[in-house]
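What follows are several structures.
Shared chain: chain A. Partners: chain B in the first complex, chain C in the second.
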Partner chain A sequence: MNITVDGLTSIYHAGTPFEHIALDHLTTTFEPGKYYAIIGRTGSGKSTLIQHLNGLILPTEGEVQVGDLTLGKKTKQRIIHQVKKHVGMVFQFPEHQLFDETILKDVMFGPLNMGFTEAEAQARAEKYLSLLGVPERAFGRSPFDLSGGQMRKIAIAGILAMEPEVLIVDEPTAGLDPKSHIEVMELFKRIQQEFDITIILVTHDMNDVFEYADEVKLLAAGGLIREGPTEDILTDELLLTDHHLEIPDIVKLTHDLERKGIVFETVPRNTEAFITLYREWRDARAQ
Partner chain B sequence: MIKIDNLTYRYQADAPKALDDISLSFKTGDWVSIIGHNGSGKSTLVKLMMGILEGYSGEISVDGEVLTPDNLQRFRERFAIVFQNPDNQFVGATVEDDVAFGLENQGLPREVMLERTEAALEAVNMLAYRRHAPARLSGGQKQRVAIAGALAMEPAVLILDEATSMLDPEGRSDMLAILNDIHKTRTTTLIYITHDLGEIEDSDYAVIMKDGKVISEGTIEHIFSDTDTLIESRLVLPYQMQISRALLDGGYVTHDELVARL
Partner chain C sequence: MLSSMLLGRYIPGDSIIHRLDPRAKIVSVVLFMIIVFFANHWIGYGLLILFVLGLIRTAQINLFFLFNGLKILLFILIFTFLLHIFFTRGGTTLVEWGFIQIDSEGVITGIYITVRLVMLLVITTILTLTTSPIELTDAIERLGSPLRKVKVPIHELAMMISISLRFIPTLMDETEKIIKAQSARGSTFMTGRLKSRINALIPIFIPLFISAFKRAEEMAVAMEVRGYTGEAGRTSYRELKWQLRDTAAILVVILFGVLLYMVRM
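Take a look at the complex of A and B:
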């Protein structure tokens, strides 16, 4: 499913003294099956943009095209409802939205809400809980007895059970311990690859962007500053520093080694790849 | 000095030990990091230290004074704590009201209150925001105000309980820089609780906890000299240590040292 954003302008409190232009004539596209990251400092418009992509906010001007559905200034609730079926959203701290008495019922809520029968909803819930490695004996337990990382997984399963074609995730690792952080990030990568769905990640963590995203869109003051392959944008130290973003650890390390004359043929995107490339470089030099 | 001897604690009589025979001592003015996975006992340990939980076995003392039910109130005044969630710790309408709030119960003269409030906001680089509403600040700024509120009380020990875990990287590095400053300019003992091994570079002393026990303690170099233990404790090594482990001798290195040695 293609998403096209065309001349999108979003103004909060229009016509009042608090008027604020959050997005200013932004145009971009999201192609099916790719992993995108939207980056930019706090207040750059990231959160506003993703809320437009599933109809939580409607444009002040311009349009958002989701497949063959169009979101404009006056789009009806019926269309917005359709869009939400295609574009799922995992908010920050999604575990705060858990509410049901059992894990299974919580995950079934989304499909039931979409009009599926009890049996269909249950089948979907079971499928996605298993996918996330939740054992069947835990299905009947209360989600509130779980650790933070596990609760977040259940909340994510609830979104997946609606089988969106596009999944938007907003700061999915905030507040998680490092182990759960890795698990959650690996999960989205797996979902993208196994189900061929589009992932749109909003995060401040440039290490994650560099490791996982195919493409990056950099926002500042409500406008799109740069877009393109992750490797091009996240290795541009000046650009990142200008926008108050961190340089990924591995980029810093690779650049520092280049200054020492150690140059790899490809750019390592994580620690593991770095180690492999360094070993190859060392072996080649030894010969 | 904080001294903990053979501390054991259970939340309920039939529950497993949340802390299992812990003995530790922290020097006055040190920056101590306590690292462990969720449920390892690190928060329980500081709650006991502050006299918030009762019913333990063992002994806790600060500067030679042992914690007893009789001196509990005075004991608690030595400590101040900053929690994880920046949104849950504000009471004042402005930043400076908020920082002064804790002082109001201490019967201090107004000038002293003002002086302390100002000095504390200065220390966290938030004086320019003194008349702002806390709700309008960023997460990192809120946490800095929370630190100011704690500092204004002039505690002997300042505890930070996963205080950076909900901040973005910029907010986190600002906060670590401010703690570094406080560490250099004040004699306050800092106890920094985290599950992130990447945040302990500036500590004088570190304690690794797992399942209610102390697994390892010492200087940063010492902690990182045994990376197997860290991995077994369900912690994630910082990138430079993962690389040191794979390509060098596995000993502790900073980024710059790693670059020099590769």
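Take a look at the complex of A and C:
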């Protein structure tokens, strides 16, 4: 599923003292099956942009094309509902949306809204709960008895069970412990590869972006500043500092080592790759 | 959608109205509420409207923005208007259709009562728009302090009011967030039959209640941690100072009341 954003402008509270231009004539595309990261400092328009991608906000000007569906200023509810079927959205702190008596029922909520039968919805819910490692005996428990990290997983399962072709995740690791953090990030990578869906990640954590994303879109003040492969953008220290973004630790380390004369052929994307490259460099030097 | 609602919202500013002592503002609003009822024909109502428009201007509030924010109460206004149109008799009969009869008197009373309601709404909204919740409760506490003699827990009441006011916008934002999250899961509470719409409210209210309770609990703990024990021994960081302009403001309202009383017929 291709998403094309064309000249998208979004204004909050138009005509009031609170008027605020969140997005200013933004044009970009999201290709199917890729892992995107949208970065930029607070207030750059990241959250607004992603809410346009599944019709939660409609454009003040411009268009968003989702597959063969078009979202414009006056798109009908019926079309928006269709878009939501294709584009799933995991909000910040998704555990705040849990409401049902049991874990299973809560996960079935999305599929049921999408018009699946009770049996189909249940099959899907069970499939994705198992995928997330929730044991079957826990299905009947209340989601409110769980820990924060577990609740978040259930909430994510609730979106996955709708089987979207594009999955948008907004700060999925905010407030999680380090172990759950890694689990959640690994999960998104896995479902991107296993089910061949597009992931659009919004985050402040540049380490995650560098490790997981294929492509990066950098926003500032409602406009697109740069887009391209992750290794091009996140290794540009000047660009990142200009936009008040952290430089990924591994990039810092690699650049520091370069200054000391230890030069790798590529910038490693994760710890394992780093160790491998370092070994190769040592072996090459020993010969 | 919800964020355009103005009830209980405060917009910081630097107009003379913003700077008035909150006690003066509350007293003036109460006086004005009485004065509104002095008006009994078009000159009186005309003066009322002019006075309120003048106030809005002095307070530097955008007129369109103000009425847009009060749109949510339109239903009550229309209802009141219709009630008077259909049930007030007198004057010449304008329309007669089956059991429905509309008299000129009804139309006039309808308009008057609606204007009166709008004036009351606008004046109280000006109060909350120009006075921060903290100032407002400080003033309520001071003005209510004589009630302490008859064992009314005025400090606790003021604290409750200030906390409630403080959390109106927070809860609104929270509601909007949850509505968005559920509608991303395909919940359609804006369309469909009444029954399905009501059912669609459950996934919104339950998370909202849960977070409200959690917030209340955290708030209580945070207050206790900082040594809150109620009124005893509490001093105020902001001392209210009554100034000449505050007396002047009340005088203006009283004079306006006298004027309105004189044009009565």
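Following the convention adopted for this analysis, the second predicted complex is superposed on the first by the 287 of 287 C-alpha atoms of A that agree within 3 Å, B and C clash if a C-alpha of one lies under 4 Å from a C-alpha of the other, contacts with A are read in each partner's own complex, and residues count from 1 in each chain.
Following the convention adopted for this analysis, contacts are C-beta pairs under 8 Å (C-beta built on N, C-alpha and C of every residue); 3 or more make two chains touch, one makes a residue touch a chain.
Computed from a predicted structure; not experimentally measured.
Asker: Touching A:Leu239, do we find chain B (first), chain C (second), both, or neither?
Answerer: The answer is neither, since A:Leu239 touches no partner chain.
Asker: Taking the superposition on A as described, I'd like to know which of chain B and chain C A:Met114 touches: first, second, both or neither.
Answerer: Only chain C is touched by A:Met114; chain B is not.
Asker: Is A:Ala123 touching anything from chain B or chain C once the two structures are fitted on A? First, second, both or neither.
Answerer: Neither partner.
Asker: Once the shared chain is lined up, is A:Ile11 touching chain B (first), chain C (second), both, or neither of them?
Answerer: Neither partner.
Asker: Contacts for A:Phe99 in the overlay, against chain B (first) and chain C (second): which applies, first, second, both or neither?
Answerer: Touch partner of A:Phe99: chain C, not chain B.
Asker: Is A:Gln51 in contact with chain B, with chain C, with both, or with neither (first, second, both, neither)?
Answerer: In the superposition, A:Gln51 contacts chain C only.
Asker: Just chain B (first), just chain C (second), both, or neither: which does A:Val267 touch?
Answerer: Neither partner.
Asker: Now for A:Lys84: first (chain B), second (chain C), both, or neither, which partner does it touch?
Answerer: A:Lys84 contacts chain C only, not chain B.
Asker: Under the definition above, what is the set of chain B residues touching chain A in their complex?
Answerer: Residues in contact with chain A: 37-39, 84, 138, 165-166, 168-170, 195-197, 234-236, 239-240, 242-243, 246-247, 255, 258-259, 262.
Asker: Which residues of chain A touch chain B in the complex?
Answerer: 41-42, 147-149, 174-175, 177-179, 181-182, 204-207, 244, 246, 249-250, 252-253, 256-257, 260, 262, 271, 274-275, 278-279
Asker: Would you tell me which residues of chain A are touching chain C in their complex?
Answerer: Against chain C, the touching part of chain A is residues 13, 15-18, 51, 54, 56, 77, 81, 84-85, 88-89, 91, 94, 96-100, 109-110, 113-114, 144, 158-159, 162.
Asker: Within their complex, state which residues of chain C touch chain A.
Answerer: Residue positions touching the partner: 3-4, 11, 62, 64-65, 68, 177-178, 180-188, 190-191, 202-203, 206-207, 210-211.
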